[in-house]
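Letters A, B, C and D name the chains as they come in the text, with residue numbers starting at 1 for each one.
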Amino acid sequence: MLQKLSDLNHCSKDEFVTALANIFEHSPWVAEAAAGLRPFAGIGALFAAMTTAVDRAPDEARLKLINAHPDLANKTQRASGLTAESSAEQDSVGLDRLSDAEFDAFERANSAYRAKFGFPYIVCVRRHTRDSILRDFERRLPNDAKAEMRTSVAEICRIAALRLDQSVASEDRLPVHGRLSTHVLDTHSGKPAAGISIELTELSDLGASRVVARATTNSDGRTDQPLIGGRPVPIGRYELSFRVGDYFAGRDVPMSDPPFLDRIPLHFAVSDPEGHLHVPLLVTPWSYATYRGS
Amino acid sequence: MLQKLSDLNHCSKDEFVTALANIFEHSPWVAEAAAGLRPFAGIGALFAAMTTAVDRAPDEARLKLINAHPDLANKTQRASGLTAESSAEQDSVGLDRLSDAEFDAFERANSAYRAKFGFPYIVCVRRHTRDSILRDFERRLPNDAKAEMRTSVAEICRIAALRLDQSVASEDRLPVHGRLSTHVLDTHSGKPAAGISIELTELSDLGASRVVARATTNSDGRTDQPLIGGRPVPIGRYELSFRVGDYFAGRDVPMSDPPFLDRIPLHFAVSDPEGHLHVPLLVTPWSYATYRGS
Amino acid sequence: MLQKLSDLNHCSKDEFVTALANIFEHSPWVAEAAAGLRPFAGIGALFAAMTTAVDRAPDEARLKLINAHPDLANKTQRASGLTAESSAEQDSVGLDRLSDAEFDAFERANSAYRAKFGFPYIVCVRRHTRDSILRDFERRLPNDAKAEMRTSVAEICRIAALRLDQSVASEDRLPVHGRLSTHVLDTHSGKPAAGISIELTELSDLGASRVVARATTNSDGRTDQPLIGGRPVPIGRYELSFRVGDYFAGRDVPMSDPPFLDRIPLHFAVSDPEGHLHVPLLVTPWSYATYRGS
Amino acid sequence: MLQKLSDLNHCSKDEFVTALANIFEHSPWVAEAAAGLRPFAGIGALFAAMTTAVDRAPDEARLKLINAHPDLANKTQRASGLTAESSAEQDSVGLDRLSDAEFDAFERANSAYRAKFGFPYIVCVRRHTRDSILRDFERRLPNDAKAEMRTSVAEICRIAALRLDQSVASEDRLPVHGRLSTHVLDTHSGKPAAGISIELTELSDLGASRVVARATTNSDGRTDQPLIGGRPVPIGRYELSFRVGDYFAGRDVPMSDPPFLDRIPLHFAVSDPEGHLHVPLLVTPWSYATYRGS
């Protein structure tokens, strides 16, 4: 699906519009408006042209753009068909696997929102966890319609940026990716801690927590890949857990029985999906420390 | 129920034996043996006299002492009656509120142990959690009968020490109490953290975790009472949890949204029930550290 | 020299005034004013009576009180005689052992101050180091005379409180003592670090640094006595230094050659002479941490 | 001076030998022996060929190689002329700026060594500080001549590797460079600490300490260049000092007066000149921590 920017710069207008028709949901007119401004120096310039077209469109067009979006987690709509993009996005955050309690909460949110504003609640789900979507909804419901139209368009642009990033290859990149990484330093031996099992769990108030990454530290005490990378780090609360008991036992370090420290859970929240969040662990069998690193 | 040592030193032999008849379960002969050695300079001397009597008794007497003890968590025995002491001890560790899975595990353990050795599995339950009792059983089952008789008598003496500590007032104390304490230092402001909600939970592999203490830090960042004190700190795994998000929010400290740190869980194990275990927290909104203190 | 408050409450007025004549330098009238209010419930009440007498005295009396004080570090006055109290106080901060550069700095400060205000610069030297006295002087010199009279009287009262604390025994205590303590926790072994050599040095910008305390940690990782206690902790900058290389070498802990950590210096300032400042060290052969504790 | 390996692979034998004549001090025969093995796939292969030639040479040749080296810090030899390489190496460690006490210590060491073994004491000075050279001497003096010949040849090879690294450009690199880096994380604000003045000082028991690097942290809390890089990190003791008082004062963080923490000195030793040593600082106005990182 990934197309080269240079190809898009030189193909026919029809081909261009077809390629980018769903960057903005069901709204090929955005691509059409941008087509005439080709060639683009980079994906940043292409994205700017598309968002400018949205900004300059009349209010009715923007409202129609908003209304072109599906409700979140709506089973009827899912059955009747979303765009492939919408479907993949909703699945990524687990909206296709909601518990009944979660599904009810989303339904209530959607209905209340639509009842008040007359258009669907829109949020860029790839930047969120289920809990943070529900919290976002609660915060936005008290707003007035004008503010919500602005917020909806801003979220639509975030959705568009992520879709464009996945559709178009360019030397420059849109700043849509974040990173979550860790590092384990064994301050008992003064060396990186290799071979420690790590598990990253998304915590949830409403539904079940779910493991989102597993890894083992390498010889530098890091994971070969970031725990989350190449995409936004969803806003939400997480547990990062380290099996340090097994590690020290394997090194014949004297310990108490049971070991004072075994599985160490660190709980923290992500608030900036496009940022780099580094959560290291400094550890001995009797002490540990963590901090928001960079 | 608490009797002064001086009274016990000067009462009749019968009164003495009656008072201490169940320090060793259903075995007043131990008190009888000690009665003739009165007066005792302290509770330590009294306890030593009683354990010496047990040590010097013939093997059959010791075996009878072992057999005088009930099975752990045995529902039939509970119905037909334990000594008040045994009942209170088993309740303290939650043996009266076992889940079905836990009850089954205890039943299997008891049966296997009794089948192999011909006498009941005995452990000083006040020094244990449910998980550590099951682990202790697993460790002891492979032993030979001689070793298990020794271990059983040692556990009986631990039970006796705790019963004596609760029955007799003396200026000296038996070393049967441990302590679990904490301290929260706010290294963002350089001061003790006051008003932080703390919860101590006993973790369990088999059954449900259960909260065993709740407290709020005072102006010195400590709790007014130790989290556990005046008794052994049961061997087992614990979570100590601190509501630091509320604390910093209440002090108008700039934080991310959601706050990077909110509820901080520390997981650790207790291995020395009679020791003093201090588990402090050094914390800012962006970092924390803990260690086994003293 | 220490007299019981009860004796002072019941002796003759003359004896009372003689005993407390120099609590306020060369100013027995303060004791005289307080004598009539006897008996005092405690040393706090006695001190309050004396400071109230100073507060209610006419301006000329207070100015005379100020002028009854010697210049700091004045060699001529030292030769001709200070009160024993003044002499001991000045010696305590090392004013009798100034380097030439320090002596010149004090002389300049005194002369400038006296030239501007017409009365001597007064500060409660027991609460200060040489450096902090010079800094205090620099801060106060720009003030107007009225503010400086107030400040001088406040400092005279601080001097008086310390003299009274050393002269009168009472069940209550004046809050004039601070404390500086430390604690070394070996997080490599999870235990207090015993036998570590500690040195406390007063740092100076102007003159030579000087060692003010030496100690060795006991089995609890603490020093038997506070590093500074039973007196104000002088405002100033300090180095607390720990010989951790020797400690870990003595425990056969694997280390690099030369050891990564050997002598650890912690530099910190004291700002509250009457407070309790705790400066602990958490240390492994490869890491350490400190914080302002309580 | 830097020559491409490809040029050395294809030039005449004479040119090759001339270019590498002093890689081994005054010993062009080593280059001669290697010349016939051209072409070399990389600088590693070239170095291996040269050291193999040394290893396979008769003992007399190796002894002559050892004797071709100057005494360390010998003023007479310095006047009469060292090779440019020797001179630059000795200057790098400060051997041209020794205090009288240091010079005497080196003289005594050299004389004792030469008197015992009959050949000069040789050490790769670029891997050392003055203190570590003297300590190395003390350790080696008790050895026997055979062991010292081996050690001397090993040191000569280390010298040669560094000379070769500076003389020959190749895609591969000899593993002769270490790195010393730092990182300051402000755990009060949860961000890297930018704009902190840092000073690295080489500590010395015998002579004066000397500042070897100064830097200011950038927006990532790091220094733009490693504190030491592109060369071995000399074995020795160091102080890394951070001006955190100015940093927090500039951010209007509430502090005591004087500030509890102002200049923070970290003392540590380097033991592995070719390794990467990372010494970070985690700091608030009231606490700090450091560790040997990677």
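Throughout what follows, a contact is a pair of C-beta atoms (placed from the backbone, for glycine too) under 8 Å apart; a residue touches a chain by one contact, two chains touch by 3 or more.
Each chain and its UniProt protein: A, B, C, D = OHCU decarboxylase.
It should be emphasised that the depicted structure is a prediction, and the values quoted were computed from it without experimental measurement.
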item	value
Pair exhibiting more inter-chain C-beta contacts, C-D or B-D	C-D
Per Cα centroids, the chain farthest from chain C	A
Intercentroid distance (Cα basis), chain D paired with chain B, Å	58
Distance between chain centroids, defined by C-alpha means - chain C, chain D (Å)	47
Chain D: positions in contact with at least two other chains	187, 190, 256, 260, 282, 286-287, 289, 291-292
Complex contacts: residues of chain A adjacent to chain B	132, 235-237, 256-265, 267-269, 271-272, 282, 286-292
Of chain A, residues touching chain D in the complex	185, 187, 190-192, 220-221, 282, 289, 291-294
Of chain B, residues touching chain D in the complex	187-190, 254, 256, 260, 282, 284-287, 289
